[in-house]
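Please find the structures below.
Two complexes are shown next, each including subunit A; its partner changes from subunit B in the first to subunit C in the second.
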Partner chain A sequence: MLTRSRPISSEFLFFKTMTLFVFWVLLSASFDWIHLALGLACSFGVTWLNSGHSPFIPKFGLWLRIFLYLPWLFYKIVQSSLHLTKLILDPALPIEPQLISVESKLNHHAAIVLFGNSITLTPGTITAEVDHNKLIVHAIDNVSREDLESKQMESKIAEIFKDEKPDL
Partner chain B sequence: MEILSIIFIVGGLFFLIVAAIGVIRLPDVFSRSHAVSLTDSLGAFLMLVGIALHDELGKNTLKILVVLALLYILNPVIAHATIRAAVRAGLKPWKKENS
Partner chain C sequence: MFLKLDVLLKIGVRNVARMSELYAQSLATTTLLEELNKY
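Right after this comes the complex of A and B.
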């Protein structure tokens, strides 16, 4: 485990408090002063308690690129969902489950997390184990495996994180 | 709008049923969890979009979007935890030959 103590940035406090506060307003749905003030106090308190641990510092370029990556990811999810539906409904059940190990060139913690989550979110492939930049992935058939081995997703994520300082 | 939302909900139901069939038909925990992830990725998505379109835009639409975002963040984590536990417990993926 890697824990760094760092000064609490005011942006961090502001953004996290605001995120939690919006969530509070959304769920409580009452706009009188007592509820709003209580919500603001609670969000700030939670943020303060968590501020020592989280390395989150807002980087807008990065978040924008991740946001622009999501539609492509969704397209892949739909594509592989339809493929998996075809597999399940096929009377012969033509599956070939296998554990494969994938070594990625990503050198950033957040990039590996994004990569692993994207793999798991795509039906047909699930990340089973992560160790630095080596992932063990369970694939349900050869089509999903080849899709993974084409490195398309990895190069997209590498593109997102190309400006970041490597920390792996 | 009404018809569109019904189309979405029926589409979501189709994928939920396919996922249920998959959980029954597939042989082991690994491949079954693939079927379960089908539920989240398209089944729940289409259902929630259908429900969001059914009412007029407002607070509830926003709540449904938050549910959707949380679903897409949390489900891979749960699937990964299950599969990692299975791997660490020493389960081997099912193979065609030894069935």
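Right after this comes the complex of A and C.
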């Protein structure tokens, strides 16, 4: 059952669907009707399921800070990808998979969402579960775990949300 | 040592499959333990 904290306007639905659809077309590079129709249906479905659940609307300053955080995240993604590639191509597969419980100091639900997604986007670590400010993260080896435990990502996100009122 | 590309690919595919298997196993174990903790 979908619960929406705030109403979603049809303009917003249309804009978000179209943005996702453009992204679909860019990635699929197929222009036959079945791909386009499927893309449109998926874009609308994703938009419909992922809109209006949070009462939180970020202000311009926050968007800007999130935007400035993305290059650093991208750098971490590339760095972890290279590390993971080394692990994968090693015949001995030197991994130490582990599920770790991370208690975050972040006190805003949007910050936790950003943190969880950043962890998942970084190869080698996956957020398996989130409960308030506690995250269960799967790390592929000790390097990935130490990277997470260094709290570098968390402090960057805390910096982004420093002006927001805590809601957790 | 220079490995042939097809050998490297085979190693990579095998390792990714193994990693996915391990991930699924640990996730299943955690879920099971959580369920058991409820009782």
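Everything that follows uses one rule, which is that the second predicted complex is superposed on the first by the 111 of 168 C-alpha atoms of A that agree within 3 Å, B and C clash if a C-alpha of one lies under 4 Å from a C-alpha of the other, contacts with A are read in each partner's own complex, and residues count from 1 in each chain.
Operating definition for what follows: contacts are C-beta pairs under 8 Å (C-beta built on N, C-alpha and C of every residue); 3 or more make two chains touch, one makes a residue touch a chain.
Source: prediction; values computed, not measured.
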### Query
Touch check for A:G116: first (subunit B), second (subunit C), both, or neither?
first
### Message
Under the stated touch criterion, which partner chain does A:L26 make contact with: subunit B (first), subunit C (second), both, or neither?
### Response
first
### Message
Of the two partners subunit B and subunit C, which one touches more residues belonging to subunit A?
### Response
B
### Query
Does subunit B (first) or subunit C (second) touch A:I136, or do both, or does neither?
both
### Message
Taking the superposition on A as described, I'd like to know which of subunit B and subunit C A:P97 touches: first, second, both or neither.
### Response
both
### Message
Going by the contact rule set out at the top, does A:I126 touch subunit B (first), subunit C (second), both, or neither?
### Response
both
### Message
Per the contact definition in the header, classify A:L49: touching subunit B only (first), subunit C only (second), both, or neither.
### Response
neither
#### Entry: Residues of subunit A that lie at the interface with subunit B and also at the interface with subunit C
88-89, 93, 95, 97-99, 126, 128, 136, 138, 140
### subunit A-facing residues of subunit B, complex
15, 18-19, 21-22, 25-28, 30-31, 33-35, 37-38, 41-42, 59, 62-63, 66, 72-73, 75-77, 79-80, 83-84, 86-87, 93-96
### Message
Under the definition above, what is the set of subunit A residues touching subunit C in their complex?
### Response
87-91, 93, 95, 97-99, 126, 128, 136, 138, 140
### Summary
Seen from subunit A, its contact residues with subunit B in the complex are 23, 26-27, 29, 77-78, 81, 84-85, 88-89, 93, 95-99, 116-117, 120-129, 136, 138, 140
## Note on the structure
Contacts from subunit C onto subunit A in the complex sit at residues 8, 11-12, 15-16, 18-19, 22-23, 26-27, 30
